[in-house]
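Next come two complexes, and both contain chain A; in the first it sits with chain B, in the second with chain C.
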Partner chain A sequence: MVSVALAASLLTALVAVATTARTRVLDQITHGGPLSSISVSAAAPSPGQGGLDNPTPGHAKALTGAALAQMGRIAHVTAVIPVLQDRVIVVPPAAPPSGSRLCLAPPDNESCHPSGTASPVAVPAFDDSIVGINLSDRSSIPVSLLAGTYPSPRSTTELDVTLSYLSHLGLGQQQASEIVGTDVEIGAFSVVARGFRIGLRWTTAEIVGVVTQQAGSGGLLTYPGLVRADFAWTAAGRAFGDSDAPKSPYVAALVQADQLSHVQGVRNAIAAIGYSSSAPQDVIVSVEKYLHVIEIILTAIGAVALVIAALGIANALLASVRERRREIGVMKAIGARDFDVMRTFLIEAGFLGLVGGLLGVALGIGVFLGIGSIANGYLIAQGLPGVPITLAWQIPVGAVLGATVISVLAGAVPAGRAARVAARQAVEA
Partner chain B sequence: MRRAGLGAVLGALALVGALAGCGTAASVSGAKPNVTKPPVVDVVFGGIESSEVSSRSAVRSAWPKLLYRSVLGTAGQLYDFAQPGQTVAGALAEDRAVGARLHPDLVTIWISTADLLNGTPLAAYRLALDALVASVGKSGATVLIANVPSFERLPFYQACLLDPSLCGASRRTVPSPAALQRAIAGYNAVIASVASAHKARVVDVAAVLAHTSGLSGASISVLSAAEESAVERAFAADIPKRLRRR
Partner chain C sequence: MTAAEQEPTILVEGLSHTYARRGSAVEVLRDVRLRVERGAYASLVGPSGSGKSTLLSVLGGLERPQSGTVVVGGTELTGLSGDALARFRRSTVGFVFQHFGLLDTLTASENVELALTLGGMSRAARRRRADELLGDVGLAGRAEHRPFELSGGERQRVAIARAIANEPEVILADEPTGNLDVDSAAAVAALLESLRDERGTTLVVVTHNPALAALADFHLRLVDGQLVGATALEGVDRDRLA
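== the complex of A and B ==
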């Protein structure tokens, strides 16, 4: 039973680690988005670059709602997620949070003295962009949560910030939780009269989380409502001569194909509509092949261990049959049939496999969680988002069932031998 | 024996269930319920006294911003049209239409310096201010109008006397200190009259700043940090409770 438990634990841990590593590697390539996601730029396609994963976009071209609707009608497209963006002035809280490296610079403008004697200074306001995207379907967008949570659906007063916001406050990723719950002021400007008369629209939002995101190029991320309102304010400036005011709130879109093999076809259709797109489909296909080989090897190692354990069970049961010949003889003498004897040994083998499998799975999950927390600690120390430590239910259930079935099979030969023992011969022996 | 075997199998299945359950990771916390109230819209018409664009730090410390932060915060939207050199006639022509379209709940007006330095006649000042307040107050907004403090000791004014181009005025229009005092009194009378006619409130910043260092800002920025705070408190005191969110 111990050998079955060890083998099951090895199998569980290896398969779980391999699956998690696969998810992490593919997440890194897709920035947390789905494998069949296509990023559409607000630019025309560059001629002669079809088929490339990440071509250089052509000239800038406003991404309109009509174009997005057209993309939604392309065959094999399951979702079109628009990405909105607007330039804003960001005013963080006046005092830096605890742990900030920001402090009063000495007159010679050197950085803060390491002794920490200098007083903190107000965090300066800075220019940035606010990105708006529907965060409800997070599995479809390239966003990973580092701390806190995501804004409430359709909220215009909650947002997440990226690591660039932290660096403006003199904070590292380890201090991300320090800013969760603080307010940030966001100012969108607009030309409100001829002569470049500026009017500022200020809103205040609560920072509810820290994320990494590849949907847009801004340090603030929220649902589209707030960005749409800021964009409308900025875009109204066109009426007063602001030729730089954006024509469309959409800076990009994420188009999702139903499967990886349809990505290139969808990209061709997007190019036909007149927009440049990129998708890492070639890289994903290559990486998936390698990852699949690794998964097979790791699973095979676990399976070999399980087979060895099964041989151990068979050996133990054979020994048991030899030791219990007299007992088998008595059973047969009082009326037990061959099938009854065989069933007894098969149940014993199955029970050993089941209990060993359960114990092994428990141990394997423990090992997996341990490895996961060590890996997460390392990733976070390297400034990368951690791995979600999740285990598909099929892995432990499969390991237990597999251990049980293999044990029953291993017990078939000893059970058969036990069943064939002649009653008189066994009792005499 | 059969019963014991059945018990073992059930126990094993329960253990499988428990293990499968503990294997799933704690995911990110769920979203909070989103209670959405319409935001309080605060519109600021102002000159250099209220301006945020005169300096980079002002986006944090100008009194309209302090007021917005202390009274509204996440529950409000601030539309700031203040800019150095703005006159009441300018605000009427350039900002009033956009401001009125915003259907403000709260309007603050503090425009006088540029009018005084440019020699805007009292009648013209009254006409423009009356039209501005009437227009923005149409939607039922609470309108707060600041009166004019004495600023003849202000370095800005002193520099303007020597070189009017520094304050965007001409030598012909910059009043002498004595004339400035008379003009301020006249403007304040107009402000009180217009406010009374449109049920607006007059914020007595003249009295508030008389107790501080007296508009002693050394640069082109008119108000010191303490004065910005004092003005903010004066405005905040006149904001009705129904508009307060903090």
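== the complex of A and C ==
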């Protein structure tokens, strides 16, 4: 049983590590989005580059609601997620959150020396963009949370910021959590009168989290409501001669195909509608091939260990059959059929496999968590986002089932031999 | 008395049995003829190697008869399949061994229940029946003890309780007192006798114990695979048992 437990723990740990590594690598390629996601630009397709993962877009072209609706009707498309964007002026908070060592106001501000330990940081207002996207289905969008949380659904007063916002404040990723809870003022531009008189529409929002995002280009991320309102304000400038004001709030869209093999077909259909798209499908296919080979090798190592353990079980059961010939004879003498004897030994083998598998999986999960913790410690120390230490339920369940089934198979020969022990052994022994 | 009750419990005609040993055939039973009436107590004696264990094995369905006719409890054993022989052993005969044949990992109660499990009885009914049987053999307080916690005599009584669990017509005992002291042997002998007297069970007992053999209604003597002596052919008249 010990050998089965060790083999099952090895199998669990290896498969779990391989799966997590695979998730991490693909996550890096897709920036946290799904593998079959297609990024559609507000641009016409570039002729002759349809087969490339990341072609150069053609001329700018407004991405309209009608075009997005058309993309939603393409075969094998499961979702179309529009990305909104508006240019804004960002004014960092005058006062730091309670207990924070940050001091974001100009040095001459008296409130800027709460503890006297931190050097004041003067941060002027800066230009940036605010990106609006439906954050409800986060598995479908290229967004990863580094600190805090995501804005509340449909909120117009909460947002997340990216690392670029932190760098504007002269902060590093390690200080991401300290910015959570602060307020930020956002001013949307618009031409409000003839002669290009600029007006700003101010909104105060609370920073609830820090993310990395590849949905759009901007330091602020929130649900579409706030961006829609800012866009309406900016677009109103067209009435006063601002011909540069955008016609559509949509700067991009994420189109989801139902599987990787349909991505190219969907991209062709998007090009037919008149838009440029990109998707890392070729890279993903190549990387997946290599990762699959690694998974097979690691799984094979665990499986070989399990088979060796099963042979140990078979050997132990064969010895047991030899030692228990009289007991088997007695069982037959009181009415056990050959099948009953065989079943007894198979159950015994299965029990050994089940208990060994359960113990091994518990040990393997412990090893996996230990490795994950060490790996995360290293990644965070390097300023990189950590790996989610999650274990798919199929791995431990599969390891326990595998250990049980292999043990039962290993017990088949001893069980068959036990079934053939003559009932007369009860008298002869 | 019905026609079935008039039939002998054990009827053997022309039974011969051969083993292959070291390349040559050894005939261990030769033209054995035997008739044991319902409720009789027969002792089976003879020197070592005379074929006692083989005859007991054939009568108990542990081995298929190679020739002749063997009818036990109304079942013709010749030509029965493996599963049919198992059913026969489960329902018609009960074995008592010199080595007790108890499973060391099971309690006394579980050893008795094992025979009932194979008979397909429900868990609760098995438990009740095992307690009842252990009470009958004077081991009511030892149900949860494992074999190594019991004396030799107690182990043999557990084995007897297991043998009668499915109410067999025939008890086949192979040297049941061979490993017991005098007092325990006497207790086991009395218990076996009570099975015949109270339950009407037919007993065939292989023994070298004169006291145990003396309780038998008649003696079967095997010499070189052949039954000798008049009692071997005649059996016993049921009227003698009244």
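One rule holds for everything that comes next: the second predicted complex is superposed on the first by the 367 of 429 C-alpha atoms of A that agree within 3 Å, B and C clash if a C-alpha of one lies under 4 Å from a C-alpha of the other, contacts with A are read in each partner's own complex, and residues count from 1 in each chain.
Operating definition for what follows: contacts are C-beta pairs under 8 Å (C-beta built on N, C-alpha and C of every residue); 3 or more make two chains touch, one makes a residue touch a chain.
Only a predicted model underlies this, so the values are computations on that prediction, with no experimental measurement involved.
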Exercise. Would you sort A:Gly302 into first (chain B), second (chain C), both or neither based on which partner it touches?
Key: neither
Quiz item: For A:Ala423, is the partner it touches chain B (first), chain C (second), both, or none of the two (neither)?
Solution: second
Quiz item: Looking at the overlay, does A:Pro414 come into contact with chain B only (first), chain C only (second), both, or neither?
Solution: neither
Quiz item: If you stack the two complexes on chain A, which partner ends up touching A:Gly335: first (chain B), second (chain C), both, or neither?
Solution: second
Quiz prompt | Touch count on chain A, higher of chain B and chain C | solution = B
Exercise. Could you tell me if A:Thr203 is touching chain B, chain C, both of them or neither one (first, second, both, neither)?
Key: first
Quiz item: What is the contact status of A:Pro153 with respect to chain B (first) and chain C (second): first, second, both, or neither?
Solution: first
Exercise. Tell me which partner A:Gly170 touches in the superposition: chain B (first), chain C (second), both or neither.
Key: neither
Quiz item: In the superposed arrangement, what residues of chain A touch both chain B and chain C?
Solution: none
Self-check item: chain A-touching residues of chain C, taken from the complex the two chains share
Solution: 53, 56-57, 60-63, 82-83, 85-87, 89-91, 94-95, 97, 99, 101, 103, 114-115, 118-119, 162-163, 166, 174
Quiz item: Which of the residues in chain A come into contact with chain B in the complex?
Solution: 89, 91, 94, 122, 124-125, 145, 149-158, 183, 185, 187, 192-195, 197-206, 208, 236, 347, 351, 354-355, 358, 361-362, 365, 368, 388-391, 393, 395-397, 400
Exercise. Enumerate the contact residues on chain A facing chain C in the complex.
Key: 326-327, 329-340, 422-424, 426-429
Self-check item: Complex contact set, residues of chain B against chain A
Solution: 5, 8-9, 12, 15-16, 19-20, 22-25, 27-34, 36, 39, 52-53, 56-57, 59-60, 65, 68-69, 72-81, 83, 93-95, 98
